[in-house]
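Next up: the structures, one after another.
You will see two complexes here that share chain A, one where it goes with chain B and one where it goes with chain C.
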Partner chain A sequence: MHALYTAIFEPGFFASPQVHVAVSIGAVVAVVSAVTGVFTVMRGQSFAGHALGDVSAAGGSGALLIGLSPLAGFVGLGVIGSAVMDLIGVQRLRGRDLATGIVLGAAIGLSALFIHLTSISSSITGVTQQILFGSIFAVTPGTLPVVTALGVIALAVLGTVGRPLLLSTVSPDIAAARGVPVRVVGLLYMLALAVSVGLSSLVVGAILSTALLIGPPAAALRLTRRMAWAQLTACLIGVLATWLGVLLAYDSYYWGASHESLPVSFFVVAIIFVGYLASGLRVARGRRCSRPS
Partner chain B sequence: MFASFMTNAWISATIVAIVAGVVGYFVVLRGSAFPAHAIPKGAFAGAAGAALLGVSTLLGLAVFSVLGALGIGYLGRRGRHDVVTALALVLMLALGAAFLSRTVEYEAAIFSLLFGEVLGVSTNELLPVALMAVGCLAVVGIIFRPLMLSSIVPEIAEARGVRAYWIEICFLLVVAFATAVTVPVVGALLIFSLMMGPPAAARSVTSRPLLAMVLSAAIALLTVWLAIAASYQTNWPIGFFVGVFGAAAYGLGRGYSAWRRGRSAAARPGQLTGASGDYHDRREQVLD
Partner chain C sequence: MTDIAEHAILNVDQVSVALSGRQILDQVSFTVGAGQFTGLIGPNGAGKTTLLRVILGLQRPSAGSVSVLGKPLSGRQQAVGYVPQKVQLDPDMPVRARDLVALGIDGNRYGLRLRPAWRSEAVREMLHAVDADRFADARVGDLSGGEQQRVLIAHALISRPRLLLLDEPLANLDLRSGQEIVSLLARIAREQQIAVLLSAHEMNPLLPVMDRVVYLAAGRAASGTTAEVITSPVLSSLYGYQVDVLHVHGRVLVVAGAGEQV
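This part shows the complex of A and B:
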């Protein structure tokens, strides 16, 4: 029994302060991303959700260059970017991808310049990799309250506009006929998305940010059609995948003889991807059963 | 700027611009911006894997971008397209992160793969790059009519027996090869700007497909040449200029079409213009 226990939780897992921070921050980010993500998947805005991660990373590198706090840069440019996307036509289905793409292209260009300027003006190294991949183990405990506060703001906005947002997601025409200000609701949603994505791409990196935003909600929406259930399931999948990923990444240090650990993002994404595929199996089986013979 | 060590840069950049301009036209037309972003970005992981195994970067890029394209096409049949694209992208990136954790890669090498390196193409890589570019354009030429039809009016294409799924797969493969050609020069992240800005600008100027495609390649060419010149002068990364010029081209195109619409509305008062959006675009092209 004990041998099995130590095989699953390698020595020092529960004592490591880094693991504590990773587990708690990972859970907060997973929950915020999952709740936001259900709307993102339903509205078909995965691209915007992913792009905002890159846009806010450009803000992060800009903030680093002029000596501001990275968090301000991440959330600040993300919010500006989402407003611009909304302005140049996020609401029209085909124009939407184009608008997102143009903003994304410009932001990536800026990010290239900022990183270049930072690397020649100071000796900070690893910026490229940090911004692209991030590391959940590199988060300092002091970030937790700020991250939680911003996450609560994003969730509060979504909670306030939840019902009109859902209606205008499912049927914009009916929503408009009922007097829902579809444009305003859409803009508020984009802002909440920007805060949520900016936050998560700062603390867990751009890869995990997109993975947690899209993966668990997509799987959950294949499992249930009810909004509340979908959000709950998405939160559960997200949190479990994050915790399991942290555990496996910690353990992976002991696997080979070389003592090199694999990144957390790799494990979390692999778990989420398998989860998504598995949820598809259930859909396929359900369809076959329900088909009249 | 035109010194002999820059010759490769000018040649490869010209190839890149033509491919990106032509392929990008369909990217914009089909609204496939997300796959066009995801395939190059994910292919970056292939370059990291190639460094780990010690094989050529070009090979790593090609393998990963083709796998990514096939994955997106296959899974997209059953799931939502944008969701599948996002998941395929993060999966490839996560593999890239795992590869990078096992290699000692120079920060500068990663940076130039992501954001482009004018001098990134050596003389012996020029031939494979040119061949892949020609292949790419040839495939676009072969599937031109069904691709055009299924991009503009999918319903009619389906009724005429065009298989949307296979067209989608072919198109994603074209994007994949375009990626492998272009990433070493303008970088995994910026090829996307080149596939969006110039074609979008061209489409707002004309709705004739062939003219728009030629114009798109021309604008892309201009963007890349200006970007190289500016990058050479300022020593800033070429990616910055490509990104900003691409967005500027789009802005100019939007401005021009708004101005033209305003003028035609003033000339023919009482006629409905502008508001019909996508439908308007589609009808014009079908009639063309």
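This part shows the complex of A and C:
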């Protein structure tokens, strides 16, 4: 029994301060991502979410280059990028797709430049890994209040515009006819999305932030018929995946002889992927059972 | 004769719309009274959707005015319910029929949801009124076209509007579902004294229930009873060329005439 326990929780897991920070930040970020992501999936904007991740990458690497915290860059440039994307492309669906693609390309180019400059001008190691794929074990405890505050702001915005946002997601025409300022509501959502992507860049990296944003909601939407439950289920899946990812990454240090930890983001994304596949199985079985009527 | 203005729910007065230099609507005037079922008929591109958007306050007319219940249009149209054309309801959306109807009550309000008991009761009654109880708990994206139309109508009606606008609600329905929707709307108009204005490019499904018709062609409109409007002289002057109106087995066909100018 004890052997099994230590096999699951390798020595020092619960005592490690890095684990404490990782688990707390991971939970906050997973919840914010899940609540935002349900809207993202429903609005068919996962591509925009991905582009914002790339903008975050440019922001994070730029921030490092000028000596700021990557989080400031992740969120700061993401917010600006989302506003620009909304401004240039929201009128037409196709226009939005195009605008998104162009912003995405420019952002990756900038990241390449910033990461290169940072790695030749400073002694910071692993910049590429940290920005693109996340480094939750390297996050300082002082970051937690900032992350929580940003998360609360994003959730408050979504809580305020939730119903008009849902109505304009179902039909912009109906929403406009009922007096909903569809564009303003859409812009507020984009800003919340930018904050949420910026936060998850910290956990799974800018490139993989979409996985945390889209994966749990996509699985949850297959499992439930109601908005509130979809968001709750997505939160649970997201938090679980993040915590399990942290645990497995911690344990992975003991797996090989080389004593090298594997990246947290790999485990988080792998668990989300498996969860998404599993939700598909459940749907397939449910459809078959409910058919004979 | 009673004063028609007293009963007029909707008054469209000399409305013109020009979009990027093109004249979409040209001095369109008509009124719709309480409990009346009015068909807004015209070929594709005649300006039906634009006219509905003007009535909703989503499109500013370049001339003329619209009043609802005797009051000029203001930003928010509480008295007008709307079912737009082509609502894409994705099967992945976690929105049940009853959730969509509930959004008709508070979908335009901000802040977190408070759920008073009267709300779910009102939703239940509304779903029953449009004969949608059976699929109240199904996702809207999984419903058939006709079922979705019922839910959208319930969504539009639950805020108790005096005027209901529907943009081509029959466009993607099979004949039978279309007939069911039309008779449902006719019943609602009569029972709840709601003015229904429904746009369609094909008038035959509406002939049995239509109290009045507004015929739109080339941006101009003629209104009245079907007997008054759907005649060769009236439609010919709207289209600007000879049009024949043929009656075949109780149905009406509008066809281009032999070609001589009027």
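Rule of thumb we're sticking to: the second predicted complex is superposed on the first by the 276 of 293 C-alpha atoms of A that agree within 3 Å, B and C clash if a C-alpha of one lies under 4 Å from a C-alpha of the other, contacts with A are read in each partner's own complex, and residues count from 1 in each chain.
Throughout what follows, a residue touches a chain if its C-beta (ideal position, glycine included) is under 8 Å from a C-beta of that chain, and two chains touch if they have at least 3 such contacts.
Since the model is a prediction, treat every value here as computed from it, not as a measurement.
Peer 1: Could you figure out whether chain B or chain C reaches more residues of chain A?
Peer 2: More residues of chain A are touched by B.
Peer 1: Contacts for A:201 in the overlay, against chain B (first) and chain C (second): which applies, first, second, both or neither?
Peer 2: Neither partner.
Peer 1: Check whether A:100 is in contact with chain B, with chain C, with both or with neither, and answer first, second, both or neither.
Peer 2: The answer is first: A:100 touches chain B but not chain C.
Peer 1: Per the contact definition in the header, classify A:210: touching chain B only (first), chain C only (second), both, or neither.
Peer 2: In the superposition, A:210 contacts chain B only.
Peer 1: Between chain B (first) and chain C (second), which does A:41 come into contact with in this model arrangement: first, second, both, or neither?
Peer 2: both
Peer 1: When the two structures are overlaid on chain A, which partner does A:225 contact: first (chain B), second (chain C), both, or neither?
Peer 2: second
Peer 1: Tell me which partner A:265 touches in the superposition: chain B (first), chain C (second), both or neither.
Peer 2: first
Peer 1: Which holds for A:276: it touches chain B only (first), chain C only (second), both, or neither?
Peer 2: first
Peer 1: Which positions of chain A sit in both the chain B and the chain C interface?
Peer 2: The answer is residues 41, 44, 222 of chain A.
Peer 1: Can you list the chain B residues touching chain A in their complex?
Peer 2: Going through chain B, the ones touching chain A are 28, 31-34, 36-37, 78-80, 82-83, 85-87, 89-91, 93-95, 97-98, 100-102, 107, 110-111, 114-116, 187, 189-190, 192-193, 196-197, 200, 236-237, 239-244, 246-247, 250, 254, 277-278.
Peer 1: What residues of chain A sit close enough to touch chain B in their complex?
Peer 2: Where chain A meets chain B, its residues are 41, 44-47, 49-51, 54, 88, 92-95, 97-98, 100-110, 112-113, 115-117, 119, 125-129, 132-133, 206-208, 210-211, 214-215, 218, 222, 260-263, 265-266, 268-270, 272-273, 276, 280, 284.
Peer 1: Report the residues of chain A in contact with chain C in the complex, numbered from low to high.
Peer 2: By the definition above, chain A touches chain C via 38, 41-42, 44, 159-164, 166-167, 169-171, 173-180, 221-222, 224-227, 229-230.
Peer 1: Which positions of chain C touch chain A when the two form their complex?
Peer 2: 56-58, 75-77, 80, 82-84, 87-90, 92-96, 99-100, 103, 106-113, 137-140, 152, 155-156
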